[in-house]
Each structure stands twice: as C-alpha cells, then as structure tokens.
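First chain A sits with chain B, and in the next complex the same chain sits with chain C.
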Partner chain A sequence: MLAGYETLITTIALGAILAYSFHVVLMAGQLSLGQAGFASLAAYTSTLVVPTEPIAGSISPVIVGLPVGALVGAAAAFVVGLPVLRLRGVFLAIATIAFGEMVRVLINNAEWTNGAIGVRVEKWVTFDFAWIIVAVLAYLFWRLGPSRSGRAFAAVREDELAAGSMGVDVVRTRMASFIASGAIAGVYGVLFAYFFGRITPATFDFSLTVNGLVTAVLGGYLVFFGPVLGAGFLTAVPEIQKALGLEAGWIHPLITGVLLLAVILFLPGGLSTLFSRLRRAPARPGPDYAPLDALDPLPDPGTRIAAVTGLAKSYGAVDAVRGVDLEIRSGEVLGIIGPNGAGKTTLVNMISGLEPPTAGEGEILGVPLGARPHRFAQAGVSRTFQHSKLFERLTVLDNVLVGTHVVSRSTYLRRLAWLPSARRDERRALALAWAQLERVGLADRAGLRPGALSYGDRRRLEIARALAAHPTLLILDEPAAGMNHVEAAELASLIRGLADDGVTVLFIEHNVKMVLEACTRLVVLDFGEVIAQGEPREVASDPRVIEAYLGTEAEAHEESEHV
Partner chain B sequence: MRLKSTTGAVLAAAALLATGACVSQDTTDASSDSALSGSGTGADCTIDETVKIGAVFSLTEAAAFAGTYQQEGLALGFEEVNAAGGITYEVIQEDDKTSVEDSTAAFEKLIDRDKVSAIVGPTLSGMAFTTYTDAQSAGVPALGVSTTAEGIPEIGDYIFRASLPEEVALAASIPAAKEALGLTKVAVLYDNADEFTASAFNTISDVLTEEGIEVVAEETFETADTDFSAQLTSVLEADPDAVILSALPGATVPLVKQARELGIEAPIVGGNAFNSPVLVGALETAAEGLIVGGAWSAASDTTGNAEFIANYTEKYGRAPDQFAAQAYTAAYLLDQAVRADCDANREAIKDNLGQILEYDSILGPISIDENGEVHQEPVVQIIQDGAFTIL
Partner chain C sequence: MLQQLANGVFAGAIYALFAIGFTLVFGVLRHLNLAHPAVFTAGAFVGIEIAARTAIPVWILLPVVALFGALAGVLVERVAFRPLRGRDDEHFAGLISSVALGGVIIALLQARYGTEPKSFAMDYFPQRLFEVAGIRVTLTQLVTLGLALVLMLGLAWLVSATSLGRSMRAVAENPTAAKVLGVNVGRVTAGTYALSSALGTVAGALLALNLGQAGRDLGASIELVGFAVIILGGLGSLWGAMAAGVVLGIAEALTIHLFDSTWKSMVAFALLFAVLVLRPRGLFGHVKVREV
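Up next is the complex of A and B:
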C-alpha cells in the first residue's frame, strides 16, 4: 500500500521529531539552536551500543539506541545549559550554535567517529517505528499543554518576570525545556542514523538546525501537533508540485519559499492557527465547584509577616532606596505613597524578590531578602506590576490559571497516566481561577486574549491572577493607574473586601482619595527614605508630607491625572 | 465508558508498538516482466516495451555544479541510443537536492513506483552509501557515474560504477607528475570535513609512500573556509616541489588563487574534482600549471569523443565536462548490458553490467568487473594556456 512512499512518510516523521526538539524550547520561549550538536553526539554514541543483530529474533536493535540517545542528548543539554542558560534571546542562540559547531568539529577530528568519512550502520528503523515515536511525542506534548508544567512553560515564554512572581521557578523551567530538547534531539539523531544507515559529521550541520527551527515555527509552537503539521507541509508542498507537473528546479524552492513567507506573515501562530477555532470556549466549572475551603488558612490578623531593616538599593551612584525599616502585619492594608522616583517600586521589587537589595536584612514570610522571586511567591507573596505584565498569548482564564501555580500540585506525570487525581487537581485549579475572575468581574471574558481587554480590565486581570495564588501578602503597584473614578472606587472596595478576607495588602498608589479610603496604614517615601508613616489621615496632614509630596490639594489631583 | 476507550487506545498503541519494533523482512522482488525481454541479440535486439531507466542527480543545491552536466550527458547518451533503434529507453529524472533524504526518497520512488529497470546516479558518494543499500536490497541495478569514494561497489552485487575511483585518478596523476617534474618532496593540503576529499587524502598518503615522495607539509581546512593564509604560509616555508590538493571546487578556486598570490609557484596536483572547464574559467591565470588526474579529457582522441563534444556543445550551448562525459557513457553501458541478452529486466541488467569488457567509449576502453568496479586508463592533464593538455 505504502510501497514507494515509505521514505517520504518517514521523512515527515523525522522532520516532526526534529521539530519537537525545537518546539519544546520555543514553548518556554528559549531560542536554543544546539539541537544538531545533541543529535550528533547521541547518534554517534548510539552506534557504539546498538547491537548488530535483532534482539530476540525480531525486535529492532534501535530499541537500545533510543534511550541511550535520549540520555546522551539530555546529559549534554544539562552540561551545556549550566553556563549558557544565563543567556537569553539572540545571545542564547549564538552560544548554542557555537556548541553545535564545536561538536561537529570534535566529531570530525575524532578517531572513533571515522572523521568526515562517517559511520555506516544497518537500517533498522522502519517508517512505522518512526511514526510511533512521533505519536509518543505528540501524546507527551498533548498531555503537557493544559497541565501545571505546561502553563509554567507558557508563562516563562510570555514573561519571565511575571512567571517568577507567580511562583514559577524560571531557571528550572528553562533548564527542563532545554534538557527535554536535548533528549528529543538525541532520539532524532539515533533514528536518522538507523533509518538512512549512515551518518557523517556534516549530517548534523547548521542547515539541520535551520530546518528544525523552520518546521517548528511554521507548524506553530502553541499547540502540541504543530511540528507534525510543519513537517507535513514542508514535505508535501514539493511533492504536490511534482505531482502537478512542475519540474523546473528553481520553481520548487521558490513556491515553497513564498508559501512559507505567506504562513509566517498571515498566520503568526504557524499553521496550527488554522485549527485554533476548534478550541472550546472556557466555561464555568461544574457543580463540584467549591474547593476553595481546601486552601491553607491565612495567618491570624496582627501576626508579623514581614520585617526588614536598613533596606537599601543603589544603582551606581544613585541611591534609589536608603535605609528603609518596614514591618508588615497580617490583615493590614498598607499604602506606600511618594513622588515619582521616590523609590516605591524599587522597594516592592526587593520585597518580592525581583531585585536583590544592596544592603539591609530581614524576611518576608520566612524568605530572606535576596532570594529568587518564585520563593517569595511560594511563601505567599503575590503581586501586580506598574506596567501590567500579562501573558499576552494566553487567554484571560489561562493567565489566571498560571496564578494558581503555587497552590496546586504538579499534574503532568499523573495526566500522562490519566490518573483521576490529576483531573481533580486541574478542576480545582480551574475553580480557583474562575472564582478570581468572578471576583474581579471578568468571568464573561475568560476566553479572550489580554490584548482585547480595556486598560482597566487588564489591571483587574492582573489582580485576579495575583489572587489566584491565594496570597498572604498581595502587592499592588499602582493598580488604579488608568482607571476612571468609578473603576477606582470599585477597586477600593475590592481591596477592602480582600482585607476582610484576611489578605494583607501592600499597595503603591497616586490616587490619594483611594489611598485614604482603602488603607489602614500609610508609608510615605521621598528620595528613597521613609519620611512619615502611620494612620492615613494623620500622615496626610503631616507638614513634611505635604511639603514633599502632596503640596497643595490641587497639585496632588493634577499628579493623579498624569499617571 | 472513559475507562473502556482509554484501554482500547492503550491496546491499540501497544499493538502498533509491537509491530513497529519489529524488523521487517525485506523480500527481494525477483519477478520479471516478459515484455521487457525481446528478440534478437546485440545490435538486432528488439524490445517492444519502453525500458524505464531512473536517474538521480543533484540538480539543485550544493552539488548542482555536477548534477546538471550529468543530466544533460545522460539525456544525450540515451537520445543517441534510442536513435539506433530496436529498444526505446525512457529516462525518469529525479533531483535529490543534494540531500540524503531526497536521494533516498527518489530511489524509493524509482524502484517501487516507477519500477525502473536500472538507476543511474546519485551524484555524491555520500548519498550513494545510503541509497545503494536500498537498491541492493530491492534488487535494482544501480550504476554510479560520479561516485568515486572507496567502498561503493562493495555495497553489493547490484551496485556498479562507471566513475574512475579517486584513488585510481590520484594514483595516476601523482606518478605522472613525479615523472614529468621530478618530485621528491611535496606538501599535502586537504579538506578534512568532506568525506570525498578526506577519503582521497588516504589514497594520496598511500600513493606518496609507494612512490617514495617525502611529505614536508600536511595541512587541513574545512569545506566552507575562504581564507587559507595560515596553511599556505606553512606550505610556502616548507618549499615543496609540488602541492597535492584534495578539495571540492568551492574551496579550490580561492585556495589556488591565494597560493599564487602568496608566491607559491610549485605545481598543484589534484584529482577528479579538478577536471572541469568551469574551474579553469574561474581560476583564470591561476589555473596555469595545474595537474589533473581524471577519467576523461576533451583533448583525448578516444572513439566518438569529438562528436560527443560537438553534439553536446550544440545541444546545450556549453562545453561538456567529465561529469557529462561519464553520464553519457553510462547510457551506452546500460544499452550494452540490455542488448547482451536482449533483456531489460533488472536481473539481466545486473548480470550483464558486470561483464562489460573493453567497451570502446569516449572515456577510452572501459570494463566493469563482476564486483561492479570500473577499469579504465586514467588521463593525466596539465593546464596550459587555459586549456587541458594531456601530460
């Protein structure tokens, strides 16, 4: 039935497997291009261990090569990842390309690899074998997508800072995607060697990297079957042209190139965009939707949850924050005000781990200052940003689901085995997220992308995402910026409601009216120093504060308009 | 319900896994088509059915410099053979885009879908190592016209080549140069990232040892390199009588030019890859004095060579090179093999290709032994006044 087409069909499978090794890093937003190196190492190593005779009579000996290849690829990725994963974007791309080139030169000059002449092996891989690997990979990625780990990948891709603040361990997530990429590239290398029966160092050159990257991007890395689509498209287009009788050599690449360009221009999410309409609109979780009581209780009101002394941050000669002592007690609504450039955002960035302090000590919910953001998040600190940092390519609901990261358990492995407990955990996270959307009034927009929301709604979405983490301490950086008076009033009542529920709120705001309405305590910063703190109305009437910040009533209003 | 469908899916996957993990047993399809065997013998042979011959060359990408000449040479050859009457050949031409994947797919298409009697090509040895194992296990005779690397005919009894192995070309050009120039010490420069040139280097070393020529400098570079000053400086310092070069055309041009600019005046000796008029054109005056070992020369007065060059130039508007000449010869060799028993079935072609003895071609008398290896006298040429001259 398939006689005469087996190579073609297997080429699609191999292309898809290679593309999956790019897919997994692109999913996590990493432009890593070292796959050719991993594939090469794995393929050459496998030629040393794969037996020359079928196992037990008829089992393909490549069965031995695959785990070895995956392991070699993963181990190489780990070793390379340790230094290069500090890099991002084009720098990471260059470093990984350099790694691939290093491997090629190494293999080319090594004795055991037979240099440029290459190694010949038996062709043990058949097309069904290759497609089974594709099916396994597609299954792994299908189950990964809507799991806690899958959301962590997406969050890191969309915004590393926001992901860290939501409790995602960014370094580990990036490393996990890098290692997975190495392992898949390793599997590709072994399959390539045993399908074509021959490898040379030049097999794994830069063009392999380009092919894999183009296939992955063309297919789309936002859905699990993207690589298969990409590989199918790239193989099918020349074949269809040939079937139509277009024979001239230069026309094939031209038409393929034009189609490729069209896809990149008009389908930014790759070919898989065509299928995105099939996605179901998110719906309110069913009747078993009351799991919120299972969450850990918040600390009793009045408990000291954070205390820092002598906190300072300087950028070169500029002291953004100087010697700030701050104590936060559970149940407070603590407002931080001050003129622009007073160091408010720097202060909360240090408290939430985004910036290490230059001096000072203390703990936030038991986490020492200077720790990485996800540790603060795991301890119960959740925040929004002055300029909203939403995950733009995720739906509103998925944005909030990322927020549940710290209060849910990893579900990926259990999802692979279809364990009911994974399903239960996912439903719980969904219920938690949905409750926050309802709380801020965005439930009817759950299926939209953040880009389709108004400015005020974007701020509310960010608050919903922060709340989904069930925070002990919620930090809001200018949440009312860009809101009109009605929205700001609603926000103020939302914040008071949170305080009633026992959530401690720390917020930076310019809207004085809102600050005075919502806060139980106020801290005023000027030039990086605390100049006043205490009961909001008393602080507001402090002459120093009026001088430094409020000035006259009219000026204060003017300022709030500017923001 | 859910559990049932899941179990079903798992079982199906397990079943698939079980079949996929098994090694398929290839059975050689030995069936023959009686319509492909005709009546008469030799020149009188008549076969009613059109004989399909597959051709896989690199018409695009890296090796297109060779593939396009091969396509034209083969087409011209079969055109002439068809004109002789009795048998009609149809060439099914495939482009392997200089990639292993496409080459393998092209072989599979020709073997299983087009059901050709024999295949000519591919252009590069690197692809032949993969595709010839498929041709071998499918029982389809394959005739290489530029696959010069070591170990090609050894792939199996269905594999033949009409392309002078690099070791033979070099084994001829080095002693010829030694005799003409009185070489005692040479420098060897080779591309160690390409399998063809790396394989040739092994041959060069053997020949030099055999001839008792001392190697005073041995330098390597990579296929895509463009600057060779480091290697050439040490060659210059070693002051050799000649430079033996094993490189692809891409590196040859800048390397030879830079060598001349640097002041290396020693003659440069190379193998098959040098044997192209395009190379001489690109090198301009730097080509003077290059010594080239190859399978064919425009200057040879072999049977039909002058007509071949005239017809080719008229038809395609450019002068043929060695690639064209060897592909052209392949058409005649296949025709010989078919006419021997007046049978164009795969088995018959396989049996008869290995028996071609001293066939008088434009490459000179050429034989293919039963192991599939070609035997012919190599031609050693030197470039003088911009033209190939037999040394």
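Up next is the complex of A and C:
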C-alpha cells in the first residue's frame, strides 16, 4: 500500500525532525538559526568516523551514526552557544546564521569532505526507521510540556526577567534548549545522509534553515506535535497539487506561499491551533491538600533575614539610590514610600537580583548582593513587578505553576519513565498553585489567559504567582496601583493575613492610607536616600516626610475623598 | 590590487543600497522584512521588461522601477506585517509571513518571466570603458556608484530634514508616544516600507544592469550579505549600512585576490560573527541601537 510513497513519507519524517530542532529553541523563545551548521557537522563527522559496512555483521551504521551525530551537534551547539547566547532576538538569529554559513564554506573548502562534490554513503534509512525517530522526539516533547522543565522553557520564552525572579536559571535554560536543538539537528543530518545517500555542502545551506523555521512555526511551537503537522502540511500541499493535475512550475510555490501566509495570519498558534480547542479547562485537584503541610517552615519571627549597608546605584551621573542601610526581620510588613523617582523600585530590584548595585554590601537570605535573580528566588525571595510581568501565552494556572519552580523538584526525566513519584510531585505543585489562586480569589479563572483578566485581577495573579514560591520574603512593587478602594482594602487584608502566616512582606505603595493600615514599619525614600523610618504613624507625622511626600499626597487624598 | 579595490567599492555600493532598505525598516519598525530580497529581484525583472518594451532611457527607467517598488513595499506591509500587529508572536510570525510573501513574489515572477534568466538588450546602456590610473571602470559601474551615493544622501536628508523623516524618527523612538502626539503611525509605516522597497528595487535593477541579466535567485544571493552589512553597520543605522556595505565589498574583493573566490563569503560571515560577539551594536553603530 505504501509502495511508491515511501520517499514522500520519509520526507515528512525528516522535515518533522528538522522542525523539532527549531521547535525546542522557539519553545524557549530563542530565535536560533544555526541548525544547518550543526546538521552539517554531524552528518560529515558521522560519515567519516562510522564504518560503511554493517557493524558486527548486522548493526546498521545509522544506529552508530545517530548518537555520534547527536553528540557532535550538541557539542557544537555548546561551543557556539557560549559566546552567542548573550545575544537575543534578531541578533542571535543572524549570529547563528553566520555560524551556519561559516560551516558551509569551511566544508566546501576542506579536503576530507570532498569539497563541493560531497560524500556518498549507502542508503540505510527506511521510512519506518525515520518515523521511529519522529515518535521518540514527539514522546520527549509530549512529556516535557507539562513538566517543571517545560514550564521553565515557557517562562523564559514569555518573560526572562519574570522567569528569573521565579527561580528559573535563565542562562542554563537557554543553553539547554540550544544544546537540545544542536543534538536534534545532528540527528537530522545523519538521517538525511543515510536516507538520500549523498550530502554536499549545499545540502545544508540557508534555505534548509528557512524550511525548518517555517515548518516549526507553521505547525506551532506551543504544542508538542506542531512539527509533525507543519511537515505534513508542507510536504502534502505540493503532492495534492500534483494529484489534482496542476502542473505549471510556478503554481506549486505560489499556492504553498499563499497557504503559508494564510495560516500565519489567521491561526496565531500555527496549525496546532486547530487542535488546541479540544483541551479541557483545568480542574481543581482533589481534596488531598496535605502536601502543603510538607513545605519548609518559615524562619521564626524576629530573625534577621536581610541586612544591607551602603547600598547605592547610579546610572551615569544620576544617583538613583545613595547609601541606603536596610535591615529586614522575619514577620514584619515593611512599607516603602517616597515620591516618584525616589529610588524605590531600584532598591527592590537590587535586593532581588534584577540590577547589580554600584556599591554596598550585604546579604538577603544568605545570598550576596549582585547575584543573579534566580539565586534570590531559590533562597526564598519572591516578587511582583510595578508593570505586571505575566506569562501572557500561559493560562492563569500555568502562570502560578511557574511560581512553584523553587519549591518543586525537576520531574522531566521521571515523567519520561512514568514514575509515580513524578506524578505525585506534579500534583503537589498543582495543589500549591490552586491554593494560591483560591487565596487571591482567582480560582474560577484558572483556565483563562492573563490578557482576559481585569487590571486588578492581573495584579492579584502576580501576587498568587509570587506566593506559590512559598516565599520567606515577599516583595510587592505597587500592588494596589490601578485598584479601586474596595480592591485595595481587600489587598491590605490579604497582606496582613500573609504576615499572620509568617511571611515577611516588603511593599512599595503610593496609596498611603493602605500603607499605614498594612505595614508594621515604614521607610521613606527621597532622592535615593532614607529620610525617615520606624513606626508608621510616627514616621507619617515626621515634618521632613510631610514636606517631601505626605503633604501633597495627603491633600490630594482628602480632595479625592470629597469628590 | 587597485583594480580589486575598485571592484570591491562598486559591489559594496550595491550591497549598501540593498541593505539600507533592510535596515530602514528594522530601525523604524523593528521588522526584519524577509520579503525584501524578493522585492529586490522583482525590481530587476521589472526593469528589464520595461526597458525591453519601451526603450526609455535609464534615468526614466529607474524612477519608474522605484515607483513600482514603493507600491510593492506598501503591499508587503499590508499583507505580511499589518495583520500581525499587537499579536504575542508578532516577531516570529512576521519573519514567516514575509518569507511566505517572498515565496509568492518569486512564484509570480516565475509565472511571468519563466525560469530562464532575463537580460537587458546589449545596446540598452552604452558599454563604455574608462581607464584611470590603471583601473578599468565601466560606465555602468560609475553610474551605479554615483546613483547609490545620491540615493543614500537623499535618504539621509529625508530622514533628518523632512516631516516624514521626523515622524519616522519619532516612531522609531517610541511608537505609542508618537501616536499620542498625533503622528499618523499607519502612514509612517507605509511610507517606510515604500521607501525601503523603492531603494531595494532600484538596487535590484542596478545589479541586473551591471551583470547584464537577472535570475530568480538574484535576491537570495545577496540576502545573507545584506544581513552581514546591516549588523556590521549597526542594526538600524543608515550611515553604518552604507559604510559597512563598502567595507564588505572591499573585504570580499581582497579575499578573492589573496585566496580564492570560494572563501569569499567566509570573510563576511566571520566578520559578522566576530562583530556580533564582541560588539553587538556594530562597527559603526552608536550606543543607541534604535536610531534611524
């Protein structure tokens, strides 16, 4: 039945494998286009080092070639990744394209590769073999999606800063996706060589890169089977045209181009969008909330959890923060107020690792200032942002699940083997996430995307995500901004409730009434310096504070109350 | 040696013309328009056809080609970029939609012109040869260089001194603020694409005039060099792209002179790679990447 279609069917498989090497970097938000180079290096190396005859009489050279190719591809990706992964977006894309072209020119000019003529090998790959590889890859990605690592990939793709603040090691995640991409591209190169029986430098040129990228995006990189859909579509369209008797040479590329354009314009998630409507809305996990008790206890009230001295940050000639000394003790609710531009956000950015300080020393939960954000998160610092940084293409529930990153263990490898412990860990993360959604009152919106939420709900979602990390120190940057006074009052009682649970809260806020209600200690910043701190009511009546900040604000507040 | 340098300068002028269209769109709108090489190719074919049908002289031909290019540019923006505005995956999707549209344009060219390369008539443009200080230069090359200079200076003037240019710089700086302040962002976007594609088509026609013919892969052959030029020059920088085009042209010519033509593109990419890793803002880029 398959006779005559074997080449076609194998072409789809090869296209899908190539697309997976793009899929894995797109999943992590990296526009990396060096796959042609990795595939080329892998294919040439394996044809060189693997014997041409069956090994031990029966093992096909492909079986040996594949791991060699994967290894060469991964190693090359690692070596290239070290310098280029500092780049992002279009810059990363063009640097990796340049790498691919350099490989092509080198191979074209090298002796051992036989130059432009290329290398001939026996054809060992059959269509069933190629599809087994596709099945393996699809399985790997299927299991990756809803795992802790899969969520880390998605978080890095949607917002690197927020991902880092939730404890995801952004550098490592990007490198992991880059290496995986190199390995898969290597597998593709080897399969290509042993299927078509010939490789030349031109096999792995820029058009291969474009094909792979188009296939991956067309199929959809948010769903594990996207590459198979994309490859099927791109291979089938010309065949269907041929079957329909459309012969003119230009009609094929025209129709392919128009269809591709239509899919991209009208199906934002690629072809896989057609299938994702089938997904169920997330359901509340069963009553087994017991795992929540297994979380580490928070430090005793009054323990010193952070102490910094002489903290300063300058941007060129502008001193945003100057000589700030700050001590935070467990269980307190510390409010920071100050006029716009006083350095409040810069201060919390420094103590959560988002910006390195220019001067000053100290530790937050044992992590020295200047470390990368994920280290602070792992130590128990969790935060929200002044301008909410949500993972826009994840559901509300998945946003909060990313928050559990630092209190859960990696499940991917155990999920591959279907170990029950992985399932247990995932359910525990889910229970944690649900508990936070219920705490902030968003449980009924778990299946929506953040874009569908109101402004106040988005802020609540950010707080839920931060709480899912079971933080010792929770930092909220203007959590009540944009909330009406009912919502703000709810938020104030939520914050007091957190303090009762032993969470230390540091929050920046302009709503003075709310600050005075919620906090146990108040710090006032002006022009980057602490001008007053202590018991909230006392600080609020300090004449310097009134002059710098409260005076105008209080008047404004009275006026707004009269309206 | 001097001859090679001169050839490099001429090739570089074409690279620069091709690349400033690329970099203009990126600088103002943050779009990497991958349909640009196809529009470039279309410019060559359209130029050849109009020349064959009407026998109009080259200084009328090129403005006509530019007009065609401007229309094509507006179309590219309407079809491949505008529908994506505001989508989460705007950037990835824009790459793919412009690749797809580029494919459509090439297919349409094939429908009209077939698969064989097309040529200008032998006597369309005088085949004069000059010799200055031992360097041989054709009239076509001189005209190309002169035109490239005029067009680039014209574009620089347009961006710095006209109201469209001021709007373009405003949009490049902050599209939302520009809109709030009354800049018609839609029109600036269309105008940017029109300019970019007009330059691209003229570059295509000029390259065809130099080569004597054009094939469907004309744009693809220059696309990667175009990437190299815009990065070396500093993405979004017009002056940078002009300088980098000439630098690359000369570097390639020297490589051919010293090594072999098969190593030609190695120089471009090695340079590109090194610059990206060591100095991502480009050789000539200023601290602020997002300038026009």
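As a working rule, the second predicted complex is superposed on the first by the 547 of 563 C-alpha atoms of A that agree within 3 Å, B and C clash if a C-alpha of one lies under 4 Å from a C-alpha of the other, contacts with A are read in each partner's own complex, and residues count from 1 in each chain.
Everything that follows uses one rule, which is that contacts are C-beta pairs under 8 Å (C-beta built on N, C-alpha and C of every residue); 3 or more make two chains touch, one makes a residue touch a chain.
Bear in mind the structure is a predicted one, so any value in this text is a computation, not a measurement.
Legend: residue contacts after superposition of the two complexes on their common chain; A:11 is shown touching chain B, with no touch to chain C.
Of the two partner chains placed around the shared chain by superposition, chain B and chain C are both touched by A:250.
With both structures placed on the common chain, the touch criterion links A:99 to chain C but leaves chain B unconnected. When both complexes are overlaid on chain A, the residue A:54 reaches chain B alone and has no touch with chain C. Touch criterion met: A:108 reaches chain B and chain C at once. When both complexes are overlaid on chain A, the residue A:91 reaches chain C alone and has no touch with chain B.
In the superposed model, A:26 lies in contact with chain C only, and not with chain B. Of the two partner chains placed by the overlay, neither chain B nor chain C lies in contact with A:302. Counting contacts by the rule stated earlier, residues 108-109, 249-250, 252-253 of chain A appear in both its interface with chain B and its interface with chain C. Put simply, chain B touches chain A in their complex at residues 6, 13, 16-17, 19-24, 59-60, 64, 95, 100-101, 104-105, 107-109, 111-113, 126, 129-130, 133-134, 149, 191-195, 197-199, 222-223. Per the touch definition, chain C reaches chain A in the complex via residues 26, 32, 79-80, 83-84, 87-89, 91-93, 95-97, 99-104, 106-108, 110-111, 115, 220, 223-224, 227-228, 231, 235, 260, 262-263, 265-266, 269-270, 272-273, 276-277, 280.
By the touch rule above, chain A contacts chain B in their complex via residues 3-8, 11, 14, 54, 58-60, 63, 108-109, 115-118, 120, 123-124, 126, 128-129, 131-132, 135, 196-198, 200-203, 249-250, 252-253, 418. Touching chain C in their complex are the following residues of chain A: 26, 31, 83-84, 86-87, 89-91, 93-95, 97-99, 101-102, 105-106, 108-109, 206-207, 210, 213-214, 217-218, 248-254, 256-258, 260-261, 264-265, 268-269, 392-393.
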